[in-house]
Amino acid sequence: MASSALIDDLVAANRILDQQGIVDGFGHVSVRHHADLARFLLARSMAPGLVTADDIMEFDLDGNPLDPRGRAAYVERFIHSEIYKARPEVMAVVHSHSPSIIPFGATPVPLRPIYHMSSFLGAGVPVFEIRDAGGPATDMLIRNPELGAALARRLGSAAVALMRGHGDVVVGGSIQEVVFRAIYTEINAKLQAEALRLGEGRVNYLNAEEAANATETNRRVFARPWDLWKRQAADRR
Amino acid sequence: MASSALIDDLVAANRILDQQGIVDGFGHVSVRHHADLARFLLARSMAPGLVTADDIMEFDLDGNPLDPRGRAAYVERFIHSEIYKARPEVMAVVHSHSPSIIPFGATPVPLRPIYHMSSFLGAGVPVFEIRDAGGPATDMLIRNPELGAALARRLGSAAVALMRGHGDVVVGGSIQEVVFRAIYTEINAKLQAEALRLGEGRVNYLNAEEAANATETNRRVFARPWDLWKRQAADRR
Amino acid sequence: MASSALIDDLVAANRILDQQGIVDGFGHVSVRHHADLARFLLARSMAPGLVTADDIMEFDLDGNPLDPRGRAAYVERFIHSEIYKARPEVMAVVHSHSPSIIPFGATPVPLRPIYHMSSFLGAGVPVFEIRDAGGPATDMLIRNPELGAALARRLGSAAVALMRGHGDVVVGGSIQEVVFRAIYTEINAKLQAEALRLGEGRVNYLNAEEAANATETNRRVFARPWDLWKRQAADRR
Amino acid sequence: MASSALIDDLVAANRILDQQGIVDGFGHVSVRHHADLARFLLARSMAPGLVTADDIMEFDLDGNPLDPRGRAAYVERFIHSEIYKARPEVMAVVHSHSPSIIPFGATPVPLRPIYHMSSFLGAGVPVFEIRDAGGPATDMLIRNPELGAALARRLGSAAVALMRGHGDVVVGGSIQEVVFRAIYTEINAKLQAEALRLGEGRVNYLNAEEAANATETNRRVFARPWDLWKRQAADRR
């Protein structure tokens, strides 16, 4: 059994991502099991903003539910299972249709870090083209382990990968980190698009060292926005 | 009499479309009568965000109210009646001034599906020019059956038609589907406009097969956002 | 004494304009006295969103308060007094720094009606340049009857005038009409700017007859959004 | 001890800046001590939206906490201490990642006053490039007195300085003034970017005299929006 503290954090993450506009009726967030690294926790197939502790299911790294009890699993759970398989250090994964990143997935413009809060983008943001792995006639979903593995390969060692015509996937070393990254990826996309228009393409991004150093610094302050986001999500209910 | 479940869903649709910013004081949503396909249900002339079960009226396919009881009907009810006449498989219709679609109706730029949630746009989005059917001096409203029929012809077999200088009309196979489509049409318009600016016109849309397949897939998940939207609309009151 | 119904409507107008984002801490709305056309009602100098019935003062058409009782008057009350003097048919006036119209006041791009809700813009929207009447070193405020008269002359017979580097003034035949116009002026500005970018300047506006006809039609439906806006403003408190 | 009235205002400023979207989990606001000009008050290291009176700490002008009682200080408190040292007339300071100003910090486009509410920008808005003072490999933070002093020098006598890839710093003669300026700096950035696109670069800004005069006038009305913002921040809780 997963600890109730971990489940509570995962429920909070669902609510926060909903309240912050990263997910809507769709999207999901998972966490690797603290006591069994070959398992992960993910809500049953439902809108993240409505998730409670009873909705959290356990899966193995092939995406099989271990305790379904009649609960339906997300079709796209293989996004999570294949990334946990490929990236041992990843402890949490968000998949969303975060609005401001959709245009970056559909155009040749790379997502780059415009300020220190989104410095984790400095290592590069690959774009996953499902046509490469699934051909020209998919329904756009990562609906089997093969597509999940292809997405994990495209992600490589990055923190974020965009999915053309679909959304993105964000990974982190904890629930707090992945939520932080999902939110600041959205904000960066919005502000970078604005800066590109304002400066007619001349934008001064963080350089590689600034990005790496700021990412290290930010690791020490995840609790600060987390407390605020939790309160905001709780207030809305 | 329409079933109270259908009326409850129609009231919920009014509230959801208001809460999601698809309608404001204006706009309306209807559903075909479940037991008599030659009738449809639509609120009396009022702001959708204030509609209750007592405000729901029944109309025939010529737009005549069957149970007015002193309640005023929307001037533009012919949008609904003529589409139900022309499209037997359509079970629900939304007309709105959804903000992000207004610019697409007033410019030559076609609305196209930028991600899988709005894949139903893949079959094409015609623009209705009221001057073609009503001449150069209308008040822009679909205020008689003839204009309604002209709009239905322009819609053809599409899911959405834009109305120049006015708004749009969205159709679906159920209340849940038409609400889903109205909301994701708005989001698509916003994100497509952003992508066109970001990519300076180079945007990679869903292809025809992706759009058709994703539309089929989405039909199985309408309940997921519907539950969330209902809760959000209820919370706001 | 003004009737309590008129005062209640003026208080509601203050709250609605605040809740809809037309005014912030600044801006004001007035109504001509129903029983004495040479008087008008306007809140004391304060944020519109906090106005109650006790804050409503009476002024003559020179902008003199008739019942100050220690209450401070807005410095810019001459916007109202001079327009009521120049336009006998005007019964209500809004002055605001409505965000989306600021760019139109500061650039040579004319505000034009992109859809039927803002058809009242079809008669043209003049821009008031305070340097013409007040010279190059004002503090931008309409702080005396002379500047108010110059603004009223620039407004002419229009429904709306933009004020460069400042905001706008909107007039109507009732409180309901002026609130309707203030809100749809803001929305039109936002959507027109978006359409100009999307269409790279090619935007199909309402023509003069469509604008005139839609304006006439809209006069019959002011109550519909008013009821909604009142409820939304009341819910927020 | 600082007076409870000053502490209450500082707590209100934290909540207002959060509610108005100027700060998120990050950012801070300080006030100079009313009875000892060589001290200032600033919350402990936490999200501004959660600050209460118990979280307010006192610092000297070298950024040393005088009453830590186990409370952690913001790493970037030297933004405040060095500005108070360099600018005796400054009584309050805001540092934020205010979203609309980020693009101006990352491009060569200068921030200029588009309307009278942001007239305090008329004296010019310098951009602080941390690479000039800290080299090419900082973590972007003002984490020591030397970087704080460099930022204060770049600010010079201005009301606002942008920080490339980071945010801005805003100063004022009181808590009310600095909050007013932080909010209208954000709004100006948003509206100026919009005007530059709309007018394709042709924007008519306030001239120097208009800006100076409007700034003087605005000093007399800080209480008006403050009362509103306080109520809005209180309502949200």
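Note that the chains take the letters A, B, C and D in the order they are written out, and that residue 1 is the start of every chain.
By definition in this document, contacts are C-beta pairs under 8 Å (C-beta built on N, C-alpha and C of every residue); 3 or more make two chains touch, one makes a residue touch a chain.
Note that this is a predicted model, so its numbers are computed, not measured.
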What are the mutual neighbours of subunit A and subunit B in this structure? none
Over half of the interface residue numbers used by both subunit B and subunit C, so same, or under half, so different? different
Relative orientation of copies subunit A and subunit D, as a Cα rotation angle in degrees, nearest 5: 90
Could you grab the centroid distance between subunit B and subunit C? Build each centroid from C-alpha atoms only and quote it in angstrom. 32
Express in whole angstrom the distance between the two chain centres, defined as the mean CA positions of subunit B and subunit D. 45
In subunit C, residues with contacts to at least two other chains: 197
Which of line, ring, star, complete or other matches the graph of chains that touch? ring
Chain pairs that touch, as defined at the top of this document: A-B, A-D, B-C, C-D
The residues of subunit C that touch subunit D in their complex are 18, 24-26, 45-47, 49-50, 97, 99-100, 102-109, 136-141, 164-167, 193, 196-197, 236-237
Complex contacts: residues of subunit C adjacent to subunit B: 113-117, 119, 187, 190-191, 194-195, 197-199, 202-207, 209-210, 213-214, 216-217, 221, 224-229, 231-232, 235
